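In what comes next, chain A is part of two complexes: it sits with chain B in the first one and with chain C in the second one.
Here is the complex of A and B:
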C-alpha cells in the first residue's frame, strides 16, 4: 500500500489515516505547541495554541485529520506571534503569579510561554475573582489558574468514570465546577489516585503535601524546554 | 411536581434543557437540590446539569422576580430609546438592572435582540412579548407590577405582534395548499427530489448559502462505502428557528403565517433522506409562538400529513417535535444547536465530521433554516423553473429581508436576489442613510458609495437582517454595541473568542470614551485578525467584522475620538482603588489618584 504523506514546514512525513495533524507531527518528532491536547484523551480543540496553516488556511492541528498532500505550516513567525497572543490571553484571563505558584517549573502554560519567547502579558489583566477550594484532604483547587482546557473533565469522565469536573457558565464567565451540591471538592467522589487529580497542565489542581518535593531549579521544564518535554509525553514516554 | 415535569418531557437525558425551562418557569430559578435530583433521575453527571443551567441566559441559579422583564438590547432598540426606558422602569420600581428586588416582585434585565426590531422598543415579560414600548407604558407597567396585576389583565394591545409584510414574493404571496408539495414528492424517488431541488439552485437561507440539495443528498447517501438511504440508519431533519442574528425577524413571520409551508418542507426532506424524526429548534424569545405551532402540527396529524403512514404510504413515518432554546445566540450555529437539542450547553463541535454524517446523537442530520424549508416546499409543488424565474444565476429565487432602523416603513420585504440595496432603501423609505448593516453584525456594514451593490451570494450574502442607519447616527457607537453583543454571546469554548472578544470590547470602549490613542487602533486591528483567524466557529470568526468594516469605511469617525498622545494606559489607576475606598468608607481627595498621559 502507498504510504500517505504530508509536509510540515516543507519537510515530508508519512502518517496513518486515522491520525490528526498533531498526532502525525508528534510521531515524526515535530513539536506543535499545545495545551488542551493530551495524547491520552479525546481531542478537544479549545485552546487554539496548536493553530497551524493547512494549505493556506488556519486550522487546529489537534483536531484536523491528517490528509494526503496537506501542506502544513507550523514554525513560522506569523504563527508563533499568534500563539504568543493566545498564551497572553490565557495569562490575563486568570490570575497567574508564577513566582508564588507551587508548580512553577512544572507548569505547561509557563513553559509554553517561555518556549514562545513571551516577555510580557501584553493585554490588560482582568483580575477575575476566582475560587480556591481546600476542602479535600489530599487535593486542592485554585481556580485562579484554571485555563479551561477540560483535561480534568475528560480524565474524570472518560478514565475515572466519575465526571467530577465540568465547565459551567458562558463566555468569560465560564468556570470549573465540581459534582457536588455544596460545590466543595470534598463532597465529590474524587480520590488522589484518580487520573483527573494529576492531569492539570497548570497549578489549578494540586496534590497536597507534595508542594516542594522537588526544589525550583530542578523541575521538569527547568531542564527540558517544553518542546522536548512535550514531545516525549506525546510519544508515550 | 418535578416528576411531573420530567415525565411530560419523556424522561430522556436529551430533554434536560426542556425540563429545566419548565423548572425555571415554575420555581423562577433552578435550585441546587433540583439540579442534584435531576442528575439522578436522568442519569446524568451533576456537572452537566449545572453546566446547562449556567449556560443559558433564561435559566438562573438565583431567583428572578415574579415579573421578570427583559428589554431587547439590540442597536435598533437603542435607537428607539430602549436603554432609557429600562432605566426608568428600574428607577420607578426601585430595582437595579440585572437584579431581583428584595421582595422578589420584579427583576429587570437586558437581553440580546428579541426579533422585533421593526416594532420596538421591545421586551419580554415572563416570556410574553411586549412591543412598541414608550414612556407612558413604562409608567403604567410599573404600577401593574407594583400592584401584582396578572399579565392577563394588562392591555391586550401591548402584546400585539404584527407581521408587517411590506413586499411579498415567491414565498409570501398566496397560499400553498396543504399537502400539495408532499403529494408531488411522493411520486418521486429520492434522487429525483434531490435533482429537482438542485436544479432550482436553492441555497441555504441561514447565511452560509450551502446548496440545499447537496446537503440532503450527503445525508441520504452517508459516508464513502455506506449504502445510500440505508433504512437501518436513523436520520434527522432539524429546522433552525433560532433566529438570533440581531435585526432579523423574518423566521418569526414565516412561522406566524406560513408555518405549514415550513412543516411541509421538513416532511419533503424527511421523505427524501429517509428520516422519521424532525425537530424545530425554536428560540426561547419566540416561545409565544409555541401554542400556534403545536396546533399547526396537530392539524397535519389529523390530515395524515404527519405521523404513521403519511398520506397512506406504508412505512412513511415522520413526526416533528419542537424544542425551545433559552437565550443563547450561539445555538443558531448548527453543531451548537445539535448539542443543545441533546440537552447540553451550546458549544460548537469540532468539524469534520459534519452534521450531515454525524449530527443529532451522532446520526446523519440535515439542519436547514426556516426559510430554506419554506422555499423547498414551494419548489417541490411548483417546480424548479418557477423558482428559477426570479433571481440571478448564482442566487436563484427571492430573499426575505427583515428591515429595521432609520426608515419610514420597517418590516418584511421579500425581494428578488440580485436587487441593489438602493432599491430596498427606496422602498422602505430610507432617505440618504449613513450606512446599512447587511446580514446583521456578522455580515457587512456598507456605506453610501456601496448602495448599488446587490443582494446575493455573489456580492452581499445575507441571512436577512437589514439595519438602516441615518446620518445622525454614531458609527463608532454602533460598532461598539455589536462588539459587546459578540462578547456577551461568546460561548466561551475557545480562547481567542472568549478572551479576545472581551478585549476588543475594552478597546472600543476606551476609544469611544475618548481615551484611545493611535496605538490602540493598531492594537485593535491586530487583535481583530487573531480573533478572526483562530476562533473555533463563525461567531468568533466574524466578531470583529463590525469594528474592522466601520474602521475601514469611516476612519475619520475613529480618528476624531483619539487623543493625540501615543500611549494611554489601559489600566485605570483611580478606578482600581474603588474597592478599597468602599471598604474603608473613604471618599476624600487623598483616596483618589489622578493619572496623566
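Here is the complex of A and C:
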C-alpha cells in the first residue's frame, strides 16, 4: 500500500487512511492541544481546542479525517491565541479555583492552560451556582468544574454499557445530569471500577478518599510539560 | 522605560482581599532582596507602612481580589498613580478562595458567620461605620481596572517575582516561562 502523507507545520508525516488528523499527529509525536478528545473514545469535536488550519481553513483535528496532501498548521501564534481564549472561556464559565481543588496538578484543563502560557482569565467571571453531589459513597460529582466534554457520557455509554451520564439543557443552561429519578449519583448504576468514574479531564468526577495523595512536586503535570504528558497518554502509555 | 533604566524603580505593593501569602512569597527571594534594593525603592507597601502612593510610581503589585469598597478605592488609587499595574496571585486574577462565596447571597454569608455559626458569643452582624462595606460578589481586579501584567500562582513562587522584576530591571518585556506558571 502506498504510504499517504500530509504536513503539519511544514513537517511531512505519513498516516493511515482511517486516522483523523489528531490521531495521525499523535502517532507521529506531534501534540495538538485538546480536552474533549481521548484516543479510547469516538471523537466529539466540542471543545474546539484542537482547531487547526487545514489548507487555509479552520477545522477540528479530532474529527477531520487525515487526507493526502493536507497542509495543516498547528503551532502558530494565531491558533494558540485562539486556543488560549477558548481555555479562558472554559475557566470563567465554571468555578475553577485551582488552589482549593483536589485535582490540581493532575488536571488537563489546568495543564493545557500552562502549555498555552495562559496567565489570566481575560473575561469577566460568571461564578455560576452549580450543584455538588456527594451522595455516592465512592464517587464525588462537582459540577463547578464540569466543562461538558462528554467524556464521562461516552465512557459510561460506550464502554461501561450503563449510560449513567447525559447532558441536559441547551446553550448556557447545558449541564451534566445522571440517570436516576432522584437525580442523585448514588441511585445510578455507576461503580468506582467504571471507566466513566476515571475519565474526567478536570475535577468534576472524583474518586473519594484519594484526594491529595501525591504531594505538590510529584503530581502528573508538575514537571512534565503538557505536550509530553498528553502525548504519552494518547499513544497509550 | 528609559527612566526606569537610569533611576531606581519605584514599587508599591498592597494586599486587598488576599492573605499576604503573595507578599510572603515575594520575601522568599531571600538574599536577592539586597540586589533588588540596589535597583528599586519601595513606595506604599506593607514593607514600608507608607499609607498612600506617591506621585510617580513605576510598578504596583496588587495581591488579592476585591471584596469590599475599600479594596476598590485602593485599587483605583494604584491605577491612578502607577505606570505598570500587576495582578499578583490567584485572588487578584480570578477572585481566588474568597470568591468561593460568590454563589451564596451576602446576607446568608454574614448570617452564617456572625449569627448562626457554632460557638458565637453575643451574635450580631458588624456594622461599625469604620468597616468598609462588602461587595455582593468578590471580583478579580481586571474587572475594575486595566491590568498590565499577571503573575499567577497561589502564591506565585519567589522565582516568578524574580523573573518579573529582573526582566523589568533589565528593560525587557517580562516573560514568565511555562515551567514557572502555576495556578496553585
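By our rule, the second predicted complex is superposed on the first by the 237 of 237 C-alpha atoms of A that agree within 3 Å, B and C clash if a C-alpha of one lies under 4 Å from a C-alpha of the other, contacts with A are read in each partner's own complex, and residues count from 1 in each chain.
We adopt the following convention: a contact is a pair of C-beta atoms (placed from the backbone, for glycine too) under 8 Å apart; a residue touches a chain by one contact, two chains touch by 3 or more.
In this text, all values refer to a predicted model and were calculated from it rather than measured experimentally.
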item	value
Which of chain B and chain C A:58 touches, first, second, both or neither	first
Chain B versus chain C as contact partner of A:128, first or second or both or neither	second
Partner with the higher number of touched chain A residues, chain C or chain B	B
Touched partner set for A:165, first chain B, second chain C, both or neither	first
Chain B versus chain C as contact partner of A:98, first or second or both or neither	second
Partner chain in contact with A:31 - chain B first, chain C second, else both or neither	neither
Which superposed partner A:157 touches (first chain B, second chain C, both, neither)	first
First, second, both or neither for A:15, with chain B first and chain C second	neither
First, second, both or neither for A:181, with chain B first and chain C second	first
Residues of chain A that lie at the interface with chain B and also at the interface with chain C	92, 124-125
Sites on chain C touched by chain A in the complex	87, 90, 93-97, 99-100, 102-103, 137, 139-140, 142-143, 147, 149-152, 154, 176, 178-179, 181-184
Interface residues, chain A side, partner chain B - complex	43-49, 51, 58, 60, 63, 65, 82, 85-86, 89-90, 92-93, 123-126, 147-148, 153, 157, 163-174, 177-181
Touch list for chain B against partner chain A, complex	32-33, 35-36, 45-48, 50-51, 53-55, 57, 328, 345, 350, 352, 487-496, 498-503, 506, 526-527, 530, 533-536, 570-571
Chain C contact footprint on chain A (complex, rising order)	91-92, 95-101, 104-105, 110, 113-115, 117-122, 124-125, 127-130, 216, 225
